[in-house]
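Below: a set of structures, written as structure tokens.
Two complexes follow with chain A in common, the first pairing it with chain B and the second with chain C.
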Partner chain A sequence: MINKDITSYSSIFSKDYTELRVQENRQITIGLLNGDVIRNDSSSSSGVSSRTFKDGNWGFSSNPNISDKSVQSVIKSSTDNVKFLNKRDNNRCGILLPESFANHEFDHSSKKEKNNQKYWIEYLKSLDDYIKTNHSKVTSRTLILNSLDMEKNLLTATGSTSFSMTPKSHLYIVLSAEKDGNPIEFMDVYGGLGQLDDVFNNPKNHFKAIDKQVGYLIDKANGIHPDAGKKEVVLDGDLAGILAHEAVGHTTEADLVLGGSVAGDNMNKQVSSSLISLVDFANVYQGEICPVPVYVDDEGVKSEDVTIIKDGILKSFMHNKDTSRHFETNPTGNARAYAFSDEPLIRMRNTAILPGKSKLDDMIASVEDGYYLMKTGNGQADSTSEFMFAVTMGYEIKNGKLGRAIQDTTISGVAFDMLKTVSMISDDMKWTSAGMCGKKQPMAVGMGGPAIKCQINIGGR
Partner chain B sequence: MIKINAENQFNQLTENIFNDKRGDEFITLSFGGENSHFLRFSQSKIRQNGRVHDASLSISLIYDNRKCSGNIPITGDLDNDILAAKNELCRLRDEVIQLPVDPFLVIPNKVEISNNVNKGSLLSSKDTPDSIILAMEGVDIAGIWASGFIFSGNANSLGQKHWFSTETFSLDCSLITKDERMVKATFSDSKWNQNKYEKFMNDSKQKLYYMEKESIKIKPGNYRTYIASAGVKDLLDMLSWNGISEASIQRGQSALCNMKNEKSQLSPCFSLAEDFRTGLVPKFNGLGEISSETLPLIHNGILKNTLISSQTAKEYKLNSNYASAGEYIRSPYMSGGNLKEDDVLKEIDRGLYLGNLHYLNWSDNIGGRITGMTRYACFWVEDGKIVAPIENMRFDDSLYNFFGNNLESVNENVIFNPEIGTYNNRSLGGTYCPGILLSSFSLTL
Partner chain C sequence: MTDQSIIEYTLKQLKKQGADKYSCSLSNSQKQELNIEHGEMSLFRTTYNSSLSIEAFVDKKKGSSSINKTDKDSINDTVNKVIELSKSSKPDDCYGIAEHQSSQTFSCGSKQVDLDLMYDSLSNFNEYVKNKFPKIILEAAILDFTRINTFLGNSNGIDFKINKGLYNFGPMFTAKEGKDTSSFNYTGFCTKDIIKPLHKYGTIEQLLKETEEQIKTSPVKNKFVGDIIVTPDCLGDFLSMLESYISDIMIISGRSVYKDKLEKSIANNKLTLHSHPLSDRLDANYFVTGDGYVCDNSTIIDKGVLKTLLLGIYGANKTGEKRSVNGGGAHIVEPGDKSLKDIISSTDKGVLLSRFSGGYPSDNGDFSGVAKNSYYIENGEIKYPISETMVSGNICQMLHDIKDISKETINFGDSIYPWIQFSGITIS
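After this line comes the complex of A and B, so read on.
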């Protein structure tokens, strides 16, 4: 636990705009391979950083030591660093950042008594035993339990203060079966916001989901390779979520817009079917806390929801203070840093396509010849909105009915083209926060989506 | 922490922790960190000037065939750091006795000592802006400069001890045309040479000349293609992800299963080795095991060795070649061929020159198919001359084609492509590889 009270350090800020962040990240990873413990690690990384802005330039400094002397030293160093730049280049003299003021404390620590490593290893072993006993067709079992606590304490020269303890915990289950001597693998992920003790209560709670996962695995082992080409598909919520994040979200981060992303030329233009609305939620969706809630960002700005696409029209970008100044708009509270030694960058929080009015069953029934694509392994997208995602589970759809499962494949396309083909959206919503987004730094993010019916390029063999 | 006391601090930490060791315990310490200067710039102007100090200590405790490990930040305050490390060791002692036996536990039995200090000749942070910015004039350039001291140590309670430190710099930038087409450029070394830098920047600016031309859209299909060294590096990187790892092969999840099990071969022009003679990365792994200076992986198209960690060796009853736990290639070196740089365009004749590839991913891991984008300096070539840049295209092709049947020749120049990642810490090392000329390369979208 880091020291919560850092407000007294404001007295040693220079007269320039300064941010001070004290942060600790803690991780636990436990892994089991076919019942044997293969990983049991815990780690913590902590330190202090300071960032100072003056006349259009930034100075930054960080140190793992959180003593008073070290805090003073990083504040002085970040101030000296920006002064050094300003001596060389005073062309942007007088540029000011938008002022912001926010105070918030968010502590999602578990109130329960903390279980030890032995408990969690036994927890995984119970799951492993269940799979081994009940599913003889499973030839290999890997179970990974991972938790990440991000604890931040922020103070800015404009008086913003924020303490946040944002934990996430996930259980990754990777199962294999064999088909004609070849291994077929299927991974599913469980968990979300919270520390291990809050997210995982009883191994028995997972048994039903594991049975379902094994069912998918066996279907996949007997599955076919899909036909390559442009197909009519129903993308389930997991895939719609990653599409929202990777293929659309990144293009609307204002720093990438300044770097030439395709979204830059499309503000207030039709970029998708009018059925599509896409929002980067700060912390709450329909009264429920999001998987990665951000109340105040790492520049001390109150985090607001950003409606990126409204009824098919591109409406907003995500901003930090610097880009909001450039675009003459308000900062949106998207500036986030992963580690104490990282500078805040524009990052998404909880990006989701909003649900529609259709029922998933009706969407599948409306497809004559296509695919229902359910799970994704990984993926990435370009600032052109060109994307490629791995698909790890899906079924063919023939005459409106689910047919044979398909083996691993990929989907690709240009998001702003593909989203124009969306013709139905389901009325439900799935959130996930298992992966980490990469943009020079890793970052915990939430992604959400309903099922969407669209046309997409599917890889074959 | 400053560079002169990092090794001393590691020595003090190891001495104090190992003095606390109890009879049957086996302790491994891994120490790493950096002291780096960063500059972020856009429109050829520096916009952020930063300094990062970071260090951490990982403690691994083995007791009664059980193992656990923990990682703590190292602040530079020695007394507090020793206390924190001892507290972490106590926590691990409480934990380890609760754990089940690890059947794949590896306890190194060799006692080796190494000390590899690579002193660089770096610009001072004060001199850096003037030294790098002047050559950028006249062009819109955005990117990151990183420079400084990186260190890594490993010791165990048997007396094994390794130290590696290096001083390096890297400039990772994009040169941007008025209509936002880009040339990617990376400059890295351990010794600053102003003339070399200015030549690099001038060469990069020259590439922009071709990017100013109106781009052409080519149709999906198979094209005669030259992939420059930076693109080949991206293809080789994929072999560290369900590729050359013996564990991946044993689990049937590797693109090289066909080479291992079916004896498929790549082109005789293709040779790849793990080569530590470059001295860019530590030769020791997380267990403190020292790899051999060179290990041929694929020689003249034939799979000679996979990367086998001691854990994998124990699990599958093989001999370890002291690979890292993740069995990725730490110091890749692809051999050059006989294609002269000056002949590249002439040899393409009609086809594609791909300067960089981007966002690679397996589209069929077991089948060896990789997909990704063409990006930055990629051109259409006719009659041995660059005609125009091409619009970004998606490729999807198998390594059994581009490193196999379709590999026509390999450039004689083996170029160093530095790792410029900043995830958690500044990355070390890089990939030595030449460009490759392919009779056919598949663009799909």
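After this line comes the complex of A and C, so read on.
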């Protein structure tokens, strides 16, 4: 637990705009491989950082010690660093950042009595025993339980203060089977916002999902390679989230727009079917807290929802203070840092395509020859808006009915072309937050969406 | 406490609290980092950190923790936590720590940063890009000097000190003309000293030129099975996939396609892949394995034959196979005898694959992904830069289907790679 009161340090800020952040990240990781404990770890990393802005340049410094002396040291060092840059290059002399002021406390710590690591090892062991006992076709079992608590305390020179404790907990189950001597694996992930005790209650609650996962694995072991090329597909809600994140989200981060992203030329233009609306939610969606809630960002800006696409028209980018100055708009509260030693970057929070009016069954029934794609792995964006992401579970659709399962593949498309092919959107919504987004630093992000019918490139044979 | 006494104190506390076997490491790092964002050098970071990692075994049960504090109270709390974690775990006869080895100190790179050199090098690079490649937007370019001093000890008496100081550079860029945009591209290198302009390292100059060419692209016209020529920037991705198949988790779980392939042919006999962490040819050396053994150089694939798995102590004990003499990486791929130009000339139909944006490969080796910053080749000539093109194949089969390896290689400081031509890839 870090010290909540750092306001007194404002007296030692230099005259220049300064941010001071004290942060601790705590992680628990337990891993079982075929019943053996391969990881049993509880770790933490904490410290203090300062960032100073003057004349268009930033200085940053961090220290793992949290004390009056180290706070003074990082403030001095970040000030010295910005002076170094200003002395070498004064081209941007006079640039000022937009001022902001926000105060918020958010603590999502569990109120329950905490179970110890022995409990969680036994928890995983009972899941492993269940799989071993009930699913003889499973040839290998890897179970990983991971929790990350991110606790931050922020003070800025313009008077913003923020305390946040944002936890996430996930259970990763990787199961393998064999077909003709070849290994086939399928991973599913469970969990979301909250500490372990709030997210996971009873091993028995997972049994049904595990049975379903094994069913998919066996289908996949008997699956086929998809036919490579452009196909009509129904993307399940799990995939719509990563579509929102990779295909559009990254392309509309304002720093990437300045870096040449194609989104920069498309503001207020039609970039998708009018069925598509896409929002980066700050913290709440329809009255429910999002998987990665952000109330005040790491520049002390109040986090606001950003409507990126409204009825098919590109409406907004996600900003930090510096890009909002450049684009002459307001900062949106998207500046976030992963560790105490990291500077804030523009990051998505909870990026989602909004639900439509169709039913998933009707969407599948409407496809003559295509694929229903259900689960995803990693993904990547591009400045051209050409995205890709892995598909780890899916079925072919023939004459409106699900057929054989498919083996692992990758799908891709140019977002601002592909999204124009969207013809149906389901009326439900799924959120995920298991992955970490990579952009110089890792970052927890939420992704959400309904099922989507569209045309997309699929890899295969 | 001094760094050495922190290790000694931690080991003493672990023994006192009842650990049967234990190890710990302390790393103190200092990084100075200059950042270009959108063509302007606008951020200078100085970061300090410590990392104290502790692993303990009680009654053949394991626990571990790492913190970034080195005061006595924090160490005592963490030692108690690790002992508690160990006691709460399940026993396994296969856990172990490194055996006793004589004390050693290892060094690599520079002790002191030259900040003015860093600034001037990065500033000159920025100007060079603006003048020579006017269509390039330097989205980000990060030059850092990172100094890490590490101390390692365990209950078998190992006592190692490792001092490393390296410059690392990574530019990321896009080309833009009017409303047309290329894919972003990136590369990087590490070096002990900056002795030439940054664009002269690795493939930077070549990729900047190619990225400007890639503003206008086309998809390949039809699906076909053909060759891919994987560039040095892209080859590491495929070799990392291979390494994952021969490492602890995949071998222990029995999921690896290479589980029974030691001393057997897994690739065309043109391929020899070394893991040489101690090589004088590489600036980024490493000296000790993750388990605490002093490294040696090894050959992973010798003329197509798999010579070693990449197992740590646990993996070796679990499978009965030999422990690897290093932790992999530090790749040096033996060059071939044909020039890249001749390899391209010999390609009927295929893709020069400069960046692979794809999913992690399946356990059976299947992979698919998008060919980025790449070119279509037909009748021995590079025809045009491509987009919206996918490549699919199986990495195990692909290694057997090597047609040629270039005589030219690129040294990135942490690896040396040639261009490799593979056949039988589905391109769509």
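To be clear about the criterion, the second predicted complex is superposed on the first by the 461 of 461 C-alpha atoms of A that agree within 3 Å, B and C clash if a C-alpha of one lies under 4 Å from a C-alpha of the other, contacts with A are read in each partner's own complex, and residues count from 1 in each chain.
As a convention for this text, contacts are C-beta pairs under 8 Å (C-beta built on N, C-alpha and C of every residue); 3 or more make two chains touch, one makes a residue touch a chain.
In this text the structure is predicted, and so the values were computed from the model without any measurement.
In this overlay on chain A, chain B clashes with chain C. Contacts of A:Y190 after superposition: neither chain B nor chain C is touched. In the superposition on chain A, A:P442 makes contact with chain B only, not with chain C. In the superposition on chain A, A:S77 makes contact with both chain B and chain C. Applying the stated contact rule after C-alpha superposition, one finds that A:F200 touches neither chain B nor chain C.
When both complexes are overlaid on chain A, the residue A:P64 reaches chain B and chain C alike. Once the two complexes are laid over each other on the shared chain, residue contacts for A:V391 go to chain C alone; chain B is not touched. In the three-chain superposition model, chain A touches both chain B and chain C at residues 36-38, 40-47, 56-65, 77-78, 81-82, 84-85, 88-89, 91, 116-118, 121, 125, 140, 176, 182-183, 185, 258-260, 341, 343, 378, 380, 382, 384, 386, 388, 390, 408, 410, 412-413, 440, 457, 459, 461.
Residues 33-34, 36-47, 49, 56-65, 77-78, 81-82, 84-85, 88-89, 91-92, 116-118, 121, 125, 139-140, 142, 176, 182-185, 225, 228-229, 255-256, 258-262, 265, 341, 343, 377-378, 380, 382-384, 386, 388-392, 407-410, 412-414, 440, 457-461 of chain A touch chain C in their complex.
The residues of chain A lying in touch with chain B in their complex are 36-38, 40-47, 56-67, 70, 77-78, 81-82, 84-85, 88-89, 91, 116-118, 121, 125, 140, 176, 182-183, 185, 258-260, 339, 341, 343, 378-382, 384, 386, 388, 390, 408, 410, 412-413, 438, 440-442, 457, 459, 461. Put simply, chain C touches chain A in their complex at residues 37-38, 40-51, 61-69, 81, 84-90, 92, 94, 115, 119, 123, 137, 139-140, 142, 172, 174-176, 179, 181-184, 223, 249, 252-257, 314, 318, 357-364, 366, 368-370, 372, 387-388, 390-392, 426, 428. Interface residues of chain B facing chain A in the complex, by the touch rule stated above, are 38, 40, 42, 45-56, 58, 67-77, 95, 98-100, 102-104, 126, 129-130, 142, 176, 180, 182, 251-253, 311, 358-359, 361-367, 371-373, 375, 392, 394, 396, 422-424, 445.
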